[in-house]
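Next up: some structures, all given as structure tokens.
Here subunit A shows up in two complexes: once beside subunit B, once beside subunit C.
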Partner chain A sequence: MVALQTRRAAPPVHRRRRSPDTVRQRRAGVLFSAPAVLVILLFLVAPMLMALWVSLLHWDGQSNPFSGSARFVGGANYSELLGHDGLLRRDFATSVRNTLYYVLLDVPLVTVLSFGLALVVNQRILRGRGFFRTVFYFPSITSSVAIGVTFLFLFQGGGAVNAILSLVGVQGPSWFTDSRGLVQIVLAGTGLVDPGHLPGWLAAQGMGLSVWDWLAGPSVAMCAIIALTVWSSSGTFMLFFLSGLQNIPVQVEEAALVDGASTWQRFRGVTLPLMRRSTVLVVTLALIGSWQVFDQVYVMSQGSPGKTTLTPAYLSYTTSFGDGNFGGGAAIAFVLFAIIVLFTAVQRWFGRERS
Partner chain B sequence: MTGRKRYARLVGYALLAVGTVLYLGPFLIQVANSLKTDPDAASHPLSLIPDPLSLVAWGKAFGFDTALDVPLVRWIVNSFVVTLSVTVGRLVIDSMAGYALARLRFPGRRAVTAGVLAVMAVPGVVLLIPKFLVLKQLGMFDSYSGMILPLLCDAVGIMLMKTAFEQVPAELEDAARIDGAGVLRTFAEVMVPLARPSLITVGILSFQGSWNELTHFLVATSDPKYQTLTLGIAQLTAGPLQGAQQFPLKLALATLSTIPVAVVYVVFQRHFVRNQVSSGIK
Partner chain C sequence: MKALIAAGAAAVLLLAGCGSGYDSAKSDGGSDKPITIMFGSSGEAETGAVKAAAAAWQKRTGHQVRVVPAQNLTQQLTQGFAGGTPPDIFYTDPTMLQQYADGGSLYPYGDQLPKSTVDDFYPALRQAYTYQGKLYCAPKDLNTHALVINTDMWKAAGLTEKDYPKTWADLTKVATRLTTKDHVGLTVGGDHNTVGSFMLAAGGWFVNEDNTKVTANSPANLAALKYLQGNVQRKVFATPKSLDAQNPGEAFGKGKAAMDVDGGWVEGQLKSDYPNVHWTAVELPAGPKGRGTTVFSNCWGIAAKSPNKKLAVDLVKSLVAPGQQKAFMNAFGVIPSRQSLGTWAKQTDPKLTAVVDGVEYARGTVSIPGFTSVLADFDTQLEKLFTGGTSPQAALDTLQRNGDDAVKQK
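Up next, the complex of A and B:
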């Protein structure tokens, strides 16, 4: 990908001095870029600034937030989110916990799966590769709402997924009603922990949640949503890996082949290191996407069961439009923004090229 | 060697077959179950053969059930109005801005380029509430302009067009200029036709993106008369038809909303594959 960019980016600076033309160009340049600049200022920069202001207010979404009728509360919305114990902080902590588990499962799964798909559809000995590429990419272009409806159907209590599971003798869970986390299910099921009588350290509180709740793991409902995103986004990421694979010079592979390297050795020693950039890109995009999950939650679960599918984006929406607390909703949006920037920065640092 | 090769090929095809079932299966189940009766869909969700074949769900989708309000025609009209406006608007705005950034020297060019790149870094959901604020302030809440104009912010499209124009040889442009063509004519008659593949790419991305859009319409409207197909289905599923109710109807609607994008996908396949990768340069 990045190679693609550098190849194209040679800037056309060979233009001679022509003064009347220069004037015309200056005028045309401003005029041509004006619509784009205007739209960006009006619907991106202005909203951000306004929301930053609103996040400092106690505003219910009704009056004009700039007339002074809404009470200025300074950092109160933020401290309600991060500092003082209350429902909002507990919900926010829950949504962050849910997303952390989401990231933990979704990012590795989708990266490995899409890399695998790319490797298979890149095999020259296979015929019909174009067809399979089309098939694997198709879910990526369809609407998350339509897919959400379909997955909701698949993951019903008596749905298709449980029907398949029962074929192999497993009794499937009731996906969207069981609010226990996977880790909790395992720990309680093996009798290691009795949820009724938590030992002291598990009952200890952090950000309004007990350690037991923090360690809950994703609920089965969240797992269903993760399955949906892995399925629907792997096609896009497959294309990223595919273009990375196609940028590997044939000579490199041939040299390895001549050296007598086995398939596995070639993969480990040649392909994998050369795919570093693509992998970093895919992991970054998957990570950013994980923090933004909204549509699926809106359609499939509305945050339930037991708030285990609540995500920061969805919470920001319901806090504003459901509870009429727009200051709080805006504050969540900015904290979410900060989290995404932080995660991306950390991830970039780990994925940086070491010379 | 040939034995191993055959083995590898066999494994490859087996993997592809499993993959195809997994990736197309949900769509087949979607269509098949939309043609079932409610009890049939509930008891045989995995079966691809409706027994009995029933068009009741599709009838409801088209509004033949007075008990449930599914204003499908309105949804579809709204979807097309918004999607086509956004697509045309983006094509015009993106190609103009892309050309200016690629080829015209004007004050502020660097700043605009940097700004567009910065826009790409802003995660969409962070803008949910901010967009509502600005629309409310501008008096554009619950209006087509409020649904369309904010979606014209398209940094990816601008960068795609910029790259496309940079690849056009400068000689072609110079020739047009020597012939006495002004900037506008050079742009419209020489540059735009040469950037056709990228324009198709931007067009497809815009069509698909705004047809599937949910969050923006969720915060830009509250009046049901502005519901698009995607928004309508989402609100129906999260509201009156929450839970396990009337799945065949919901699946029929889901199928309907998939059709236009699927058609565009099949027709313009080549461009889809190209654009997704180039739009990933973030």
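Up next, the complex of A and C:
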């Protein structure tokens, strides 16, 4: 509004006249961007609006949702999902809980790992830099289904991971069968809490889950999936960090060197502050990606053991295609959308440039 | 922004317009479009057999048939239904029957089949595909749970054919005897399917006769769960997961269990992955209320929106004909859905005798829309039950509550 008023108040002599050239350039600009805009409208915006419409219907997926044959139910799918104490809400709460733990582990780990990888391959003295860059990036271009199956073999009870653990005398867990969370395992293992007789505040319910279940922590199966995504997505994020590192002017580094700063001081005082933008970008993307996990779950666990690897995206799929409740499935997708926006907003507020 | 929404809305209308093309098509009789068969294939053998059957019909009638093996049948079918262009003929099963019938996607053609054909289908199969008094779908095959036994381990434990368990008490006894430090006596898939067969033997089940009421927390079901849980706790039964296997067939094939409650499909698995295992299969032992087992099957569904329903029915008639069912069994081992072929099937594959015999007292899977996630949740409860995280009564109560909810929302 402010900008508008200033412009209006400005004397007319200052108004730039459009030459025929600018008009032509503008037209060309619109023309060149038109195909991309059209594609986005048709394949991104339109399906989103369609899904929004579906989330307001009682639609079984067997008719055209725009022909009027599906009953319009308004916000009923949303109130069923969030307000009715049933299986769907309990499943949704479970999937949100799982994802919260997923975010808590995945985002910091992948950020630190990919930053570290970027630092390593950015060193001028490193031999075979190109080779390492390719190797680190490789998981990102490999099919997530193939990686999922491979990890499934690694984490089998008699798989490679447990074989290595047994070398150092550790009895590995059976990764994909224990439905307890890590926190539960520790608390029950140390005898602090007896799962058979929960104290009152731990047994209290919220969204259909007890506090004990909310605080469960990620299951070992979920940890395996987190390890997988950290490993497979670190390559892409490494590239973001790498381009950030290469944007740091050499003069700044050299100036710090001349000032007698140690390696750690240079990292802490020069590199890190200058990498703020890259870090914000990576954290944002990792955060959004965490809420959309689907293929790993679809391939590896289908939500088991004990629904500890159920994610909102996978729940949306099974609700739609398994139960034929496409309205409910679409509603999950939009609540998920709201959650992602909320988290990203909070995270951007924390990561904003402070003067 | 306004322009954006307007453009989006226009695109939506455009797409919706595309999708409704079939609504106005001729509803019956003669379209020249080829007939499409979509099915979830178990592999090359099945795909080849269906293609051969379709080719034979095509040669006889001169009408073209397209055979499409699906990657993900449920998903691809839904896409077809929603877009108004479903395949004319497709595999489906009792779990989806009500959902598709309620949605008006399934064409109930049972009354167009000859009475002799319908009467020849096993009653359990007929019942599984009958909804609101109409036979919707012609069953194409069947499978039931049987008790699969590793004969080498059986002999090693000093047991003979006379010891094949007749009752649950017998089963506990032989399982205990067969349990060694290398393997357990019996592996039971800790999911609703296997547990369901035990529920039937105890006189219980998930729902009532006509799939309208949930009957989960009955004393009979409780008895079944307690029986299984007790034996798991005594470590003579074990779930495949606790034996580090994906499914019971794998645990059995790897020699981690001497017996396995499994369907006839285990034969294919054992043949290809564990050819050195010697095995036999007997009927499941009787529970407190006699014998019980679950029947699994697929049927030939016909889309209500198919422009070629008459031809499709004719094609299905040829697909369920005795000669064709024999050809299917010879090609990929599925048991025919016709009673008149029972004896032939047992002679062709004697190892599946118990599986075929089971269908006499078997019951089909639950067919209530929304039950997929209810049963998935029950699987989670069972997982907890067998690892000591919950009690049989609590698991059944949760199932009852979720099931009631699903029935209410229908």
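A few remarks follow.
Assume the second predicted complex is superposed on the first by the 316 of 355 C-alpha atoms of A that agree within 3 Å, B and C clash if a C-alpha of one lies under 4 Å from a C-alpha of the other, contacts with A are read in each partner's own complex, and residues count from 1 in each chain.
Just so it is clear, contacts are C-beta pairs under 8 Å (C-beta built on N, C-alpha and C of every residue); 3 or more make two chains touch, one makes a residue touch a chain.
What you are looking at is a predicted structure, and each value in this text was computed from that prediction instead of being measured.
When both complexes are overlaid on chain A, the residue A:Ser63 reaches subunit C alone and has no touch with subunit B.
When the shared chain is aligned, subunit B and subunit C each come close enough to touch A:Phe321. Contact with subunit B, but none with subunit C, is seen for A:Pro35 once the two complexes are overlaid on the shared chain. After overlaying the two complexes on the shared chain, residue contacts for A:Tyr101 are found with neither subunit B nor subunit C.
Comparing subunit C and subunit B on the residues of subunit A they touch gives the larger count to B.
Look at A:Asp21: by the touch rule set out above, it reaches subunit B but stays clear of subunit C. Applying the stated contact rule after C-alpha superposition, one finds that A:Pro305 touches subunit C and leaves subunit B untouched. Judged by the touch definition given at the top, the superposed model places A:Phe115 against neither subunit B nor subunit C. Looking at the shared chain after the overlay, A:Thr150 reaches subunit B, while subunit C stays out of its contact range. Of the two partner chains placed by superposition, A:Trp212 touches none, neither subunit B nor subunit C.
Across the superposed pair, subunit B and subunit C both touch subunit A at residues 42, 46, 48, 50, 61, 64-66, 156-158, 321.
Residues 5, 8-9, 12-13, 15-16, 19-20, 22-24, 26-27, 29-30, 33, 41-43, 45-46, 92-94, 96-97, 99-109, 112, 115-116, 119, 122-134, 136-138, 149-150, 152-153, 155, 158, 163, 166-167, 170, 177, 182-184, 187, 208, 211-212, 214-215, 218-219, 230, 233-234, 237-238, 242, 244, 247, 250-251, 253-255, 257-258, 261-262, 265, 269, 272-273, 276-278, 280-282 of subunit B are the ones that touch subunit A when the two sit in their complex. Residues 4-5, 7-9, 11-13, 15-16, 19-20, 23, 74-75, 78, 81-84, 99-100, 102-105, 241-242, 244, 369-374, 376-377, 379-380, 383-384, 387, 389, 402, 405-406 of subunit C touch subunit A in their complex.
Residues of subunit A that touch subunit B in their complex: 1-2, 4-5, 8-12, 14-15, 21-22, 24-30, 32-33, 35-37, 39-40, 42-44, 46-48, 50-51, 54, 61, 64-66, 117, 120-121, 123, 125-126, 128, 132-154, 156-160, 163-164, 231, 235-236, 239-240, 242-243, 281, 285, 288, 291-292, 294-295, 298-299, 302, 313, 316-317, 320-321, 326, 329-330, 333-334, 336-337, 340.
Every residue of subunit A that touches subunit C in the complex is listed here, in rising order: 41-42, 45-46, 48-50, 53, 60-67, 86-88, 91, 156-158, 174, 176-180, 195, 303-307, 318-319, 321-325.
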